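Labels run A, B, C and D following the written order; every chain starts at residue 1.
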Amino acid sequence: MVVVLKPNTKQEQIENLKAWLESMDIATHISQGLNHTIIGLVGDTSAVDMDLIRALDIVENVQRIQEPFKNANRKFHNQDLVVDVGGVKIGGGNFQIIAGPCSVESEEQVCYIAECVKKSGAGLLRGGAFKPRTSPYSFQGLQGDGLKLLLEAKEKTGLPIVSEIMNALHIPMFADVDVIQVGARNMQNFELLKELGKLQKPILLKRGLANTIDELLMSAEYIMAGGNENVILCERGIRTFETRTRNTLDLSAIPVLKKLTHLPIIVDPSHAMGYSHLVKPMAMAATVAGADGLMIEVHNNPAKALCDGPQSLTPEAFDDVAKQIFKLRPFACTYNED
Amino acid sequence: MVVVLKPNTKQEQIENLKAWLESMDIATHISQGLNHTIIGLVGDTSAVDMDLIRALDIVENVQRIQEPFKNANRKFHNQDLVVDVGGVKIGGGNFQIIAGPCSVESEEQVCYIAECVKKSGAGLLRGGAFKPRTSPYSFQGLQGDGLKLLLEAKEKTGLPIVSEIMNALHIPMFADVDVIQVGARNMQNFELLKELGKLQKPILLKRGLANTIDELLMSAEYIMAGGNENVILCERGIRTFETRTRNTLDLSAIPVLKKLTHLPIIVDPSHAMGYSHLVKPMAMAATVAGADGLMIEVHNNPAKALCDGPQSLTPEAFDDVAKQIFKLRPFACTYNED
Amino acid sequence: MVVVLKPNTKQEQIENLKAWLESMDIATHISQGLNHTIIGLVGDTSAVDMDLIRALDIVENVQRIQEPFKNANRKFHNQDLVVDVGGVKIGGGNFQIIAGPCSVESEEQVCYIAECVKKSGAGLLRGGAFKPRTSPYSFQGLQGDGLKLLLEAKEKTGLPIVSEIMNALHIPMFADVDVIQVGARNMQNFELLKELGKLQKPILLKRGLANTIDELLMSAEYIMAGGNENVILCERGIRTFETRTRNTLDLSAIPVLKKLTHLPIIVDPSHAMGYSHLVKPMAMAATVAGADGLMIEVHNNPAKALCDGPQSLTPEAFDDVAKQIFKLRPFACTYNED
Amino acid sequence: MVVVLKPNTKQEQIENLKAWLESMDIATHISQGLNHTIIGLVGDTSAVDMDLIRALDIVENVQRIQEPFKNANRKFHNQDLVVDVGGVKIGGGNFQIIAGPCSVESEEQVCYIAECVKKSGAGLLRGGAFKPRTSPYSFQGLQGDGLKLLLEAKEKTGLPIVSEIMNALHIPMFADVDVIQVGARNMQNFELLKELGKLQKPILLKRGLANTIDELLMSAEYIMAGGNENVILCERGIRTFETRTRNTLDLSAIPVLKKLTHLPIIVDPSHAMGYSHLVKPMAMAATVAGADGLMIEVHNNPAKALCDGPQSLTPEAFDDVAKQIFKLRPFACTYNED
């Protein structure tokens, strides 16, 4: 961390600041420029509150040089992390499509979709049992029963399952779920992250709607600091002023994250776009940009059946997307080659 | 809700959609325009998923006419809600300043600040015991001990206390806390909201960094749907591209919310701005715009002491702000007068 | 356009509104729902000011059904537009890479880069002569001399040239420039757009930093309404809260625009990202998502030479990107197939 | 400017960078930290391209210490600028309300409104003659005729007039206009700014929808660098994800700008909000936050007449707002007192 002091800062104030920093086990390296004094902070500055220092009235500006994340930092983990989900691998060159219904509705539905997506090449089955809904009056998911239905589909198809958790108290119910998902709205639910850090199960961590890439990594750090290093990051769109899509999918998060971290990065174009006809191009784009996987919603619901159309991501449409994705995989960007 | 169908939608498709809507207890009113068929949905549409309908391939557009919130809706609650916190009232013409340290650090600190802010006219004491921090390596608050210190300050000064909860499991620890705060990052932690809905204690609900005003009301609705109608809303800045302030304080949320809801609305300029010299003008602005209260951080920490300056919101600076606020109160905008 | 009136609107007010709309040659179709009266506006509503109607106190909500753009509307132009730049075609299945230096600096520089990018497969040469700079103290480009250098490079290589205009008065200087570019900051410089609408030269119109896709199309409409139908749209990143990239590249603009308009859409990953090592993955992603072309900056400048590194988009790096792009082209998403 | 180099940068690379910087008349001050080398740039760095330096592969980070604006910089102009518009003063303790119709429509309309707003205490009359409209099919203003009508209203009432320019070629038509306004969409139309810099007439510069406060100051700098120091800044809302208001009014721009610049700052709540019932609270808030003036739209149009309601900012509603504003002025925040 580099702290630039204002011109005319008094020697006594500098000494005070130095003493305070040193009381936090931060060594300092002072260099006197022509107008400004610059203090370099040496040591582990990840616990130093930048905002607090910036707010000091003798401070002109503060700049972090070292990233405040360690466990998730590529610099200390040269090798890509490969997350192994019962033999299905994600990361380090291993690519997976996670597919399934938004909400688990019935045994018939989830098993049918599971078999379809497996046939099309999906490596994992997703399905929502606990649903974070903006309205308390909307369907909140089948909850525990939904998890049971997912487990049946897992048994029938052999596909490992991914499902979202919303409450640390539910962890025991997720004992047989292969990958626990943390949704965008809970990305900074630090209490939940801490509990998940105590497990050894892979965690799929979605980026929040208004969260920076650095904050996503800090949330991964929460899980990893607890001892669980199996974190999969997921870009799912951020909130902007554009209204033609539900959110704005930030595909540049892929190369940016690949440089900063060794964790696998997957992309969820379904939630980002909100319209099924936009899923295919974005899934293809994410693939060549070097994502380690995709998360795609496959519907099979009555409403769709009523009004069925070429735009719906039915099992058939998903099969088409998957075919394209597998064709493109050999051409995808790779990182960390040296 | 008004659903506009695409031109060339077949009669059979319209019938199917109508049947499906009616299966959800939604009556329909169809009107045939020159090019477009318009379906009016009649009944309680708050559980209808707009996104699902919009995604149907025969649908051109959907528009909600009635707000999807009921308990928090001004239309059904003509009278402003007055939240009574042990005799200290907020809303319906009652204005309060909630002040105190960001983090509770020691008995001395919190009691000193409590006495200062009380003298300056604050009606409630705030203090963070559980701290949501971006980094797992940052100080996470004194937690249970912090709450005890706050309670001591309450005993000494008589000020009711406000403190943030991050985990529903901690609710028993908040038994003597007068107002439970839900922070911006937990605004859509629906599981936490549901638990708080079972209490009768006032909840101070902060707007999330990337959340719309409507989403804030839907989160209030989660609490109220559970039976707890004592919700105080708090605007604390939203995330934008501007970097000169930590967040962008959206003061227009005050008049917008005043029209939509009968719940009290307070403003937290300290977190929104991130720089203490910006707190005073924003506190003054919020007051005349008609806020029902303010939440202001009063520091007394070593770093400040080191580098003390005219810009810090020390107890003295707070006293100056409070004086201005009380002068301005008689001129503040009022709403719902008729 | 559908106007939903508030409950309790009086018949007289409805008649007044109807009369006013009809005075603007808008026919109306009134349908009376259970609670709300809905007025359908029939005819050419592209000149109707939605905001004005929404602000009327008897109006609950307004919704546009028809897009307010006509010349740029896919609905009236089933065939993709193919822009022909002296034999080099863009759109309708024709893909081009536009490459060259950010700023034209010298004959040697621009000719060297032009030859390099031509060899790598670029179809057009870009180069900035007039530079829109945030600071008046930054280099503003070689201006007229820069255009001359570009024309020399065109003569030597045969590549058509693209350069940015900032002032309608400069149009005569662009007589031999093949494609005139309108930069993001001038996307809503309507006076400039009107002047460009009088030309027959292709216009490359960049999306503004904070402009929606609909506004981009309305700006294209300004040019086309004047008679110049040769507009190429360009996505170049929008402004969000993320700071790891200069802007957030919104690749979903490609499929969204493909549905709304017949105009070609290209992507500029260089300006969006701000870091050369992010250009390749984003260029690849844009290609498979179905862009009609790419605009890529190729540097050859002293600073780079000084510190040259694997991350710089030197002519060699560009050659690598171009090779990948051409490999991916056969797999790209296509639209408007039926 | 402080440039932090990556660890392991070679001495030769440092020397190269140093030489290149010095070739631009920038002296350097190198200080060797434990891990990082830091180069301080000494001299006038306002022309140095930060982005270029940041993109060099030996550079970890760059930080500007001095603001890149000079003429608009408070540091070099201790005294508040007072803009004198024919005796009507703005800034340095002088507060003005600029009021009038969005568009000039007729002599009757503009003169009637002018007289009303004068009576209510407005110091200047605003009126749009050239209208920047998203759609080419919307009314573009009365243009030259509109300016003439404004001048008639000026003659009748004595109020100086403010009107928006969209094209440098129109400058001669603005010869008798007292204050020339640059709209949000033209804030970075640098060619227009340069031309306005050659005049001595006051320029009212509105902040762009997606522009930072620093960019607003750099645009002011464009005008001032040309010799015209009479710039009035105007906050009019920025674009965010919130849809309940047209834009999000960033009132914190007032205290932020007051610290950075000596130029007057006014606020336009009408355009920011888009709904007249939100104007009053925001106008009041802006006043106490220390704005040097307000710009408020006063309507008198047929549509309003049709549907007249308590929410419209008719001349009567404006009179009420103005009364509140003048009551609040004595309590407004002041800056630069020492």
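One rule holds for everything that comes next: a contact is a pair of C-beta atoms (placed from the backbone, for glycine too) under 8 Å apart; a residue touches a chain by one contact, two chains touch by 3 or more.
Everything numeric here is computed off the predicted structure, so don't read it as measured data.
Enquirer: Shared numbers divided by all numbers used: is that above or below half for subunit A and subunit B, i.e. same or different?
Expert: Subunit A vs subunit B: same; shared/all numbers exceeds half.
Enquirer: Is the C-beta contact count larger for B-C or for A-C?
Expert: The comparison resolves to A-C.
Enquirer: Tell me which chain's centre, taken as the mean of its C-alpha atoms, is farthest from subunit B.
Expert: C
Enquirer: Any idea how many Å lie between the Cα centroids of subunit A and subunit C?
Expert: The computed centroid separation for subunit A versus subunit C comes out at 31 Å.
Enquirer: How big is the gap, in whole Å, between where the Cα atoms of subunit A centre and where those of subunit B centre?
Expert: Computed from C-alpha means, the inter-chain centre distance equals 27 Å.
Enquirer: For subunit B and subunit C, let me know how many angstrom lie between their CA-based centres, rounded off.
Expert: Whole-Å distance between the two chain centres: 39.
Enquirer: Touching two or more other chains, which residues of subunit A qualify?
Expert: 210, 239-241
Enquirer: Write out the stretch or stretches of subunit A touching subunit D in their complex.
Expert: Listed in rising order, the residues of subunit A that touch subunit D are 2, 4, 29, 31, 33-36, 38, 40, 42, 60-61, 63, 65, 239-241.
Enquirer: Write out the stretch or stretches of subunit A touching subunit B in their complex.
Expert: 13, 16-17, 20, 46-47, 49, 51-53, 55-59, 68-69, 132-139, 166-169, 185-186, 188-191, 194, 208-210, 215, 218, 221-222, 225-226, 239, 246, 274-276, 302-304, 306-312
Enquirer: Considering the complex alone, what residue numbers of subunit C touch subunit A?
Expert: 210, 212-214, 238, 240-245, 248-252, 254-256, 259, 272-273, 277-278, 280-282, 284-290, 324, 327-328, 331, 333
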